[in-house]
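Each of the next two complexes has chain A plus one other chain: chain B in the first, chain C in the second.
Here is the complex of A and B:
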């Protein structure tokens, strides 16, 4: 059974905080293909389209028939652990700080032999289940766990480095006045978060969701208005050095495009909340999170933005909203690189229309907030990076891949 | 019909040179190559320009290749080879050079394996070793060859019932062999207790299973036997050589090397068998690979090496001398020089130029090389049988 995750202690202010370091970053262009699969939670390797041989490590032509028609395809993630070792010595600072480190070599059911980061419960000869994870330097890495899930496998300290499990971590939910905010607080409580900080703005506006949050055990609420730089700075000064998972669920949806609803004020609000809001949060919470990326087993790990799937493609019925989401997505990519040095990863979820008052006119299927929250926590536990949630978001991805001009012309609610 | 391979008649291998090793050096690989050329000239009593061919192996010459080195050395060879095969380079250099001389493309070839070792050299080398290693091994714990060999050793021990004591026997014998060797880095006797209880590096590998990376060079000359005779230098002849890359790619974990593919041809070209070999220089970056060589080169069957060694004394005075100068495990691993060490020691033994570690009546020596853990296994294997000239 996996060793129990040590309970986080109150920080000793005299002790030096371990500085972040990252595992080796350099990868070939071919290997970046693995990162794309890992980001979306797939277990896919290159498969030769002529002879079907599965390739690993990634390469540019088939190691069997020499064809260059290799395609990333989902393959079985089962395999057998052939040999294992526990490193007591490493040439890299990241691993030196975390020794001992377990490794294994697996013969995959799909064919190739694969060197993996190995969970502590795997023993030579065992059947294992591999996953594509993303390591602290942002690169894809393959991990192996026992074939059948075991109790508390998320406690494995080594594999915890490659995910953002909320267990024993402190979470900031930016906006607690929406139903998604409430469902997130519930889901994080269930996932074992240590503390749940919840922001709320506009004190004159009552919210049953916020009231429900206040009634929960692990939550603390704070005033936080992402359109107000002072407000963001104030909260960061208060709890910035405790936030280990940031959940930016800023949300301001108003229907309308450009010609039929020329409304600079609405558009300005959307940009203030979605784009400048992200920028303000990043400016005040980002630096301290980046510096705490290696602060023990519970250090800062993820910055999650809940974005709309219309960040990828403008929906003219939500024209200015889509544009503000695209701006936020673009900025998140900048933030991703800037936080990378601290080993803190930016995660983006992309959701379709949800069941709420603002999406009233959108036809089904619509997402239930509880589903969104559940998927978000699961994705953090798995260490994903780009997470489409719901049928609408999934369909948009497929249509964009198939023909971006088609969806541009025909997208509707 | 398979064309019969030509033999190596008329070829002399001579002038064994070692540039003394140091753990770290401020000198460059170019310097170690230069010292090697100077020592070769001195040892064979020739002029620099008598050498008209060079064969160079080095991990740390960059940004130079063998070409740049020619300008450093002020030589104008008509034949030049750069062999980037790490531990397998020594025998490969030997067989390339021999063929060039037989063909008349060159008359006198210097073969040099040299590397420096600054404090950061080893890390830099393994951090950028190959595309597959960068993508799929180094980011996994950054253990370097230790982690790859830990897998091989773990698998091999379980599969073939080999114990740490079996490996210990070899390491201890090699240390005994190294004691009189002036340039050996490790010259304190090693006990079984020390071996078994040494610091864990990557289980089952412990400290004395690992070579010490250092700076140094190994070199030798290849020429016609007539030339060697006229120079009055003792030499050895070549009975047989083999070379193989990426053998058995479908083995999920390496438990054998290319030698197993070529062993029959190897002895048939030599006209002698394993029983006629007086000593073995086996590539020994880790003991498990020596065990594979003993099997794959036909001294015993796969899986029987522990039993085979049970009545063998592996020291220079024993009944199965292995790595008679202490091998890399005791002498140190001077980068690509490690791939030449076995060849140089074989020449020393067969030409009686040893330092108190002479194998008596040695007539046939087998040297075997192994190199380049590109991803999960060593890709290059080579071997040669040399005979007292």
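Here is the complex of A and C:
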């Protein structure tokens, strides 16, 4: 059984905080393909289209027949642990800070032998289950756990470096007045978060969701208006150094495009909340999170944005909303690179229409907020990076890959 | 001419010596300023007031601090021009640019109903209330402001209480149509209030809806909203100074309202 995760203690004010360092960063262009698979939670390797040989590590030409027709395909993640070792010394600062470090060689059922980061419960000769993870440098890494899930496997300190498990971490949910906000608070409670800070704005508007959040054990609520720089700065000054997982769920949906609803004020609101709101949060919470990326086993780890799948392709019925989401997506990519220096990952989730008062006119399938929250917590536990949630988002990805012009011309609610 | 010069001279001396006291009737304007909420289908909501630094004595700003202010014309303590309402849209002299500047300085009658409002936030100011006040203090003279003292400004720092909304909408005090008509008969300069807007909270139920806006602006008269410190003014005998910003075609403007009162 995995060693119990040490309970976080109050920080010793005299001790110097461990500074963020990252594992080696440079990777080949081919290896970035592996990062793309890891980001979306797939276990996929290159497969030769001529001779069917599964390749590892990623390469330009098939190691068997020299064909360049290699394609990323999902393959089985099972294998057998051939050899294991525990690293006691490393010249790399990241690994030095985290020794001892377990490594293994797996003979994958799909064919190749793969060097992996190994969970503490894996024993030589055992069957294992591999995952594609992303390390603190943003590169793909393969991890292995015992084939059958064991109790508390999320406690594994080494693999915790490659995910953002909310267990014992402190979470800030930006907007507690939506149903998604409430469901997130429930899901993070269930996942063992240490504290759940919840923001709320618009004091004149009552919210049954916020009332429910206030009645929960681990939650504390704070005024937070992402359209007001002072408000963001104030809260960051108060709790910024405690936030280990940021969940930006700020949301402002109004239907309408350009010709049928030309309205600068509405689009201004959308940009203020989705784009400038993210910018304000990033400006005040980002620096301290980046500096705490290696602060013990419970340091700052992830910045999660809930974005719309229409950030990828404009839906003219939600024209200006889609545009503001695209702006937020673009900014999040900037933030991803900036936070990466501290080993803090920007995670983007993409959702389609949800069951709420603003999507009244959208036909089913619509996402239930509880499902969104559950998938978000799972994604953090698995260390994913770009996560489509629900049928609409998944369909958009698929259609964009197949024929972007087709979806541009025919997309509707 | 000499007499008038002497008058101004005396006026300045009286201010310097504090014989005439100046009272600030404005709230601070900023991101915490409560904004009016319009029900869906009845118009659009204004954005919140925002202040973003252009520089804050930082390297990129050198020695200076200044900000970009984003505000609706009707935010915080603000002035409503006749052109704010459909009924007043045709007055050539009805917007912030065109109103004659001598109308920005006028005597004020302060009608105190804060006790009634304390008991009932849905307090309606009626024609009778105004007539009773006149019995006590004398008639409202032509060209005076009517300032409705309700104690509501105490709620300003709590937007929830200031707007005081529930499922039925806003609950805040204001005049009914007959009271507005009486004020227009008296040829007032305008009507000022401590609440977020000049009309009654549930004024959409009146006929016509929003009678203060409808009749007052339709008679080329003004409104002042979100005033404070009215309790420091005498019922009669003060003069208030109310120039809005000279916004192009402005329908209103946040402003600093100053009252001149004789020192007691």
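The rule we apply is simple: the second predicted complex is superposed on the first by the 413 of 413 C-alpha atoms of A that agree within 3 Å, B and C clash if a C-alpha of one lies under 4 Å from a C-alpha of the other, contacts with A are read in each partner's own complex, and residues count from 1 in each chain.
What we mean here is this: contacts are C-beta pairs under 8 Å (C-beta built on N, C-alpha and C of every residue); 3 or more make two chains touch, one makes a residue touch a chain.
These numbers were taken from a predicted model, which means no experiment stands behind them.
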Here chain A is shared; do chain B and chain C fit on it together or clash?
fit
Check whether A:119 is in contact with chain B, with chain C, with both or with neither, and answer first, second, both or neither.
neither
Tell me which partner touches more residues of chain A in the superposed arrangement, chain B or chain C.
B
On the A-aligned overlay, A:85 touches which partner chain: chain B = first, chain C = second, or both, or neither?
first
Where does A:48 make contact in the superposed view: on chain B (first), on chain C (second), on both, or on neither?
neither
Now for A:362: first (chain B), second (chain C), both, or neither, which partner does it touch?
neither
Where does A:225 make contact in the superposed view: on chain B (first), on chain C (second), on both, or on neither?
second
With chain A overlaid, the minimum CA to CA distance between chain B and chain C in angstrom is 39
Hey, what residues of chain A end up touching chain B and chain C alike?
none
Residues on chain C engaged by chain A in the complex (per definition of touch):
31, 34, 37, 44, 46-48, 50-53, 158-160, 162-163, 165
In the complex with chain C, residue positions of chain A that touch it
203-205, 225, 227-231, 263, 265-266, 268-269, 272
Touch list for chain A against partner chain B, complex
23-24, 26-28, 30-31, 56-59, 63, 82-92, 94-95, 101, 103-105, 107, 113-117, 124, 135, 137, 139, 141
Which of the residues in chain B end up touching chain A in this complex?
122-123, 126-128, 131-132, 134-144, 146-147, 150-152, 154-155, 158, 199-205, 249, 252-253, 375-376
